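The structure's right below; bear with me while I get my questions together.
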Amino acid sequence: MVKVFHKISNSRWFSNLTVTIIILYAFILGFKTLEEAENQYGNLIFYIDYLVTIYFVIEISIRFFAYERKRDFFKSGWNIFDFVIVFITTVPIEQTDFAAIARVMRVFRVLRLITARPELKKIIDMLIKAIPSIVDIVLLMFIIFYIYAIIGSFIFADLKSGLFDNFLTAMLTLFRILTFEDWTDVMYEAMELHHLSWIYFISFVIITAFVLFNLFIAVIIDEMQNMNKKDDDEVSKLRNEIAELKSINEKILKELQK
Amino acid sequence: MVKVFHKISNSRWFSNLTVTIIILYAFILGFKTLEEAENQYGNLIFYIDYLVTIYFVIEISIRFFAYERKRDFFKSGWNIFDFVIVFITTVPIEQTDFAAIARVMRVFRVLRLITARPELKKIIDMLIKAIPSIVDIVLLMFIIFYIYAIIGSFIFADLKSGLFDNFLTAMLTLFRILTFEDWTDVMYEAMELHHLSWIYFISFVIITAFVLFNLFIAVIIDEMQNMNKKDDDEVSKLRNEIAELKSINEKILKELQK
Amino acid sequence: MVKVFHKISNSRWFSNLTVTIIILYAFILGFKTLEEAENQYGNLIFYIDYLVTIYFVIEISIRFFAYERKRDFFKSGWNIFDFVIVFITTVPIEQTDFAAIARVMRVFRVLRLITARPELKKIIDMLIKAIPSIVDIVLLMFIIFYIYAIIGSFIFADLKSGLFDNFLTAMLTLFRILTFEDWTDVMYEAMELHHLSWIYFISFVIITAFVLFNLFIAVIIDEMQNMNKKDDDEVSKLRNEIAELKSINEKILKELQK
Amino acid sequence: MVKVFHKISNSRWFSNLTVTIIILYAFILGFKTLEEAENQYGNLIFYIDYLVTIYFVIEISIRFFAYERKRDFFKSGWNIFDFVIVFITTVPIEQTDFAAIARVMRVFRVLRLITARPELKKIIDMLIKAIPSIVDIVLLMFIIFYIYAIIGSFIFADLKSGLFDNFLTAMLTLFRILTFEDWTDVMYEAMELHHLSWIYFISFVIITAFVLFNLFIAVIIDEMQNMNKKDDDEVSKLRNEIAELKSINEKILKELQK
C-alpha cells in the first residue's frame, strides 16, 4: 500500500495535475475579484473552493502515507510548509467574522505550486542559498543610503515636496532615486533651494550604480571561479598521473643502464 | 534544371536581394502611412505592391523547384511559414470589404526577412529553444505577482486612481512597478491611505529584482556549465590516454625485470 | 632628426600633455558657454584658442615628421582622422559668416582625445568590431518594431496624444516604450479606446525584453566560446604529444619483445 | 598583555559586537530625526551617544595595544581611517556653535561598519581596484557627453524648459537622458522647435547604450581572461612535464637500440 502511494506521489502526472488544479483555482479566484461575480457565481465558487480543499487534503494524505515511517514526513521543510498551508486554508472560518482574512489566506494556496513542481523547489533553494552572499552588499548599500539620508534630511529639510522631511522619508526618496524613478524631479526641486544640489544627486546615482555594477560582476566571477576550481582539480589529477608515469619511466631507464 | 534552381536558392546574392527588396518595400509601406501619400502616389504604391507580390511568387517558386522531391519542400517549418505568408498576401481582396485588414496583413511580409537571412533563422531558433528554460521563472513570477495582486486588491481597493480595483488591474499595476515606471506615484497614493504601504511596494521591488537578478546569473552559469562539460570530456579523454600509456610502461618494466 | 620626433611622438608624457590640454580646452569652451562670458573674457578665450590651434599643428607635425617615409603617415586611419580635425578647426573663418558653425566645429577637437590616448583607440576599435555582430539584432528588432508600428498606427490612430498618428511617430513611441519611459501613460490612454489594448503593450514589452535579454546572453557566451577555442587548441596539442609519446613507448615495447 | 588584546581584536565576536553597536546606534540616530524626538528623549540619546563614544575609544585602544610595535598601527590605511573617525566624532563641540555640523559628522561613524567587518573591507578594496579600469570609459563618455552638450546648447538654446541653456545644464540633461528619466519629455519639447530633433536624442540613447553595453561585456571578458591565464599556466606546466617524459623515453629507446 505504501508502495502504491509512493509511486503516485513521485509520478510526473500527479505533480502536473496538482499544478494544473492550483493554476486553474488561482485564475478562478482572481476572476471572482475581477468580475465582482461573487453574487451571481457565489455558489459555484463555494463548491470549487470545497473541491480544491478536498483535493489538497487527499493529495497531502497520499504523500503522507507514501512514507514508510510516518514521522519522516515532517523531516522535510517543504512537507511542513505544505501541511501548514493546507491546514490553515482548511479551517472553516468562512462564515465567521474572519471571513475576509480567510479569503485572503486562501491566496497562499498558490504557494503550493512551489512544492508541486520539483524545478521550482530547486530555484527557491538556489535563491535561499544566494541570500547570505548579499549580506555585505546590503550592509554597504545601507552605509551609502544612511550617510546620504542623514545629509539629505539635513540640507533638504525645507523641500516643499517633503521628500527629505525625516530619516525614513529620505531613505524612501533615495531608494526611488536608485530606481531612476522621477529622480530629476527631486533634483530640480532641490536645485532651486541650493544651486549645487546636483552634486548630491549625481554622486549618489554614480556611486550606487558603480557599486551595484561591480558587485554584479563579482557574483558572476565568483560563480565561475567555483566552476574553475573543479577544472583545476581535474588538471592536478592529470599532473599526478603524469608524475607517476615519469617515475615508472625513470625506473625503466635505470633498469636499462644497469 | 533543379541544380540551377538549387544553386540560385542557396546563393548569397539571392538572399541579399530578397532582404533588400523586403526592407525597401517595408519603408515604402511605412512612408505611405507617414505622408498620407495614398492619394497622390496611390498608383505607384499599387504597382510596387504588384511587383513585390510577383517577386515573392517567383522567389518561392525557385526555392520550391530547387527540391529534388517536391514534397520535401514542405518538410521544413520555415518553408511552410514562407508559403503561408506569400499565399495570404497574394489573395486579391484589395478591392473587397476586407481591404483594410488586407493592407495590415501585408505587414507580415516583413517576417520573410527571417527566412531570407540564415543568421536570423539561427537567432530565432535560439530564442525558441530558450522558451522552455523560462517556464519555471514565469511560474515563480506568477506566484509573486498573484499573491501581491490579491493582497493589493484587498488593501488598496479604495485607491482613487483605481490601480488596484480588480485582479487584472492589480496585475497590470504590479507589472508597471516591475518596470519601475512611475511606481512611486502609486506608492505615495497608497501611503496616504495606509501609512505603512511602502513595505508592500519596497518588498515587491526588492523581491522581484532579487529573483530576476539571480535567475539572470543562473542562466549565464548554466550556459557556461554546458560549455565546460565539453572541456571535461576532453580532459577525461586525456586521462584515458595517459592511463593507456601507463599500462604500456608497466608492461615494459615487467619485460625488463624478467 | 626623425628618431627624435619618433621618440617624442611615442612617449607617454607627450600623449598625456595632449590629453591634459584637450580636457582643459574643453572645459574652458564649456565654461564660456556656461557663464556667457564671451564678452568679458572674449580676448582671453581668443588667445587660448590660438594657442591650442598652434599646439595642435605642432603636435601633428611632430608625429608627421616621425615617419621615415612621409606618405606612411596617411596609411593610418587615425592619422587621417587627426589631420582632418586639425585642418578643419584651423581654417580662420572665425570672422566670417560661418563664425557660429566654426565655433561648433571646434567641439570636435575633443575627439582628438581618442587618438591622444592609446587605450581609447583600443576601446573604439573594439566598439567598431562589435558593430557587425549586431546587424542581425538590429534587423530582428526592426521586424518587431515594424509589425507593432503598423498594427499600432492602424488600431490607435485616434489616440488624442497622437502617439500613433503615423509610422515614424509610432516607431518613436515604441522606442520610448522599449526604454520603459512613461509607457503606462500610453497604455492607459489606449485602454480607454480599446479595453484590451494592454495585450499590445505588455506583449511588446515582454517580447523585446526577452529578445534583448537572450541576445545579451548570446554575446557573453559567444565571447567565452572564442576564449575556450584557444583552450581547446592547447588541449588538442597536449593530446598530440601524448599520442607521440605512446608511439615511442610502443616502439620500446616491440624492441624489448624481440 | 599584547597577546590578549591581539586575540580580542581578531576574534569574530568582537567585530560582530562592533557591527551590532554601530547598526543600533545608526537606527537610533535615524529614529531621532524621524520622530522629532529630540525634545522628549534628548537625554536618552545624549547618554547613548556618550556610551557609543566610550565604546569606540575602548575598541580602538584594544586594537592599538594589540600591536607589538605601536607605530605599526598607523601603517594600515584602515586604522588611520578609524582613528580619524573616532577622533573627529569624540571632540566635544556638541555645545558650541558647530553643534549642527557635529551632529552631521557623527553620521560618518556608520563608516566604521566597513572596518569592523573584514568582508566589507574586501569589497571596498575590490571597488577601489576597479576605479582605474573605468578611467577610459569615463573619458569616452565625457567625449560623447561633451559633443552632444555643445551641439545641444547650440541647437536647443531656445527651449522653454531651459534644459539646454548652458553647458552644465546640458550635461545634466544628457545624464538624465542616459538614465531614461523622462527623456521623451525633453525630446517632444525639442521636436516642437526642430522637427528632426529626435535624431539627436535617439542617436544619443543608442550610442551611449551601445558603448555601455560593450564596456560591460568587456569587463566580464577581461576578468575571465585573467582567470583563464592561470589555467593556461597549468596547461603549459603539463606540457613541460610531458616534454620531459618524452626525452626520457627517447633516451630509453636509444639505450635499447644500442
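Chains here go by letter, A, B, C and D, matching the order in which they are written, and residues are numbered from 1 within each.
The rule is short, and it goes like this: contacts are C-beta pairs under 8 Å (C-beta built on N, C-alpha and C of every residue); 3 or more make two chains touch, one makes a residue touch a chain.
Just so it is clear, the structure is predicted and the values come from calculations on it, not from any experiment.
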Query raised in the report: Given the touch definition stated above, what is the smallest step count connecting chain A to chain C?
Result: 2
Requested in this report: Fit chain C to chain D on CA atoms, both being copies of the same sequence, and give the resulting rotation angle in degrees, nearest 5.
Outcome: 90
Query raised in the report: Residue numbers at the chain A-chain D interface: does the shared fraction exceed half, giving same, or fall under half, giving different?
Result: different
Report summary line: Expressed in whole Å, how far the mean CA point of chain B lies from that of chain C is 26
**Report entry** Centroid distance [mean C-alpha coordinates] between chain D and chain B, Å
**Finding:** 37
Report summary line: Check: chain D positions touching at least 2 other chains come out as 180-182, 220, 224, 231, 235, 238, 242, 245, 249, 252, 256
Requested in this report: Work through the pairs of chains, note which ones touch, and then classify the graph as line, ring, star, complete or other.
Outcome: ring
Report task. Would you mind giving me the full set of chain pairs in touch? Result -> A-B, A-D, B-C, C-D
Query - List of chain D residues in touch with chain C within their complex - result: 135-137, 139-140, 142-143, 146-147, 149-151, 153-154, 166-168, 171, 180-185, 198, 202, 205, 210-211, 213-215, 217-218, 220-221, 224-225, 228, 231-232, 235-236, 238-239, 242-243, 245-246, 249-250, 252-253, 256-257
Requested in this report: Note which residues of chain C are touching chain D in the complex, please.
Outcome: 26, 29-31, 33-36, 100, 104, 107-108, 110-111, 113-114, 117, 119-120, 123-124, 126-127, 130, 134, 172, 175-176, 179-182, 216, 219-220, 223-224, 227, 231, 234-235, 237-238, 241-242, 244-245, 248-249, 251-252, 255-256
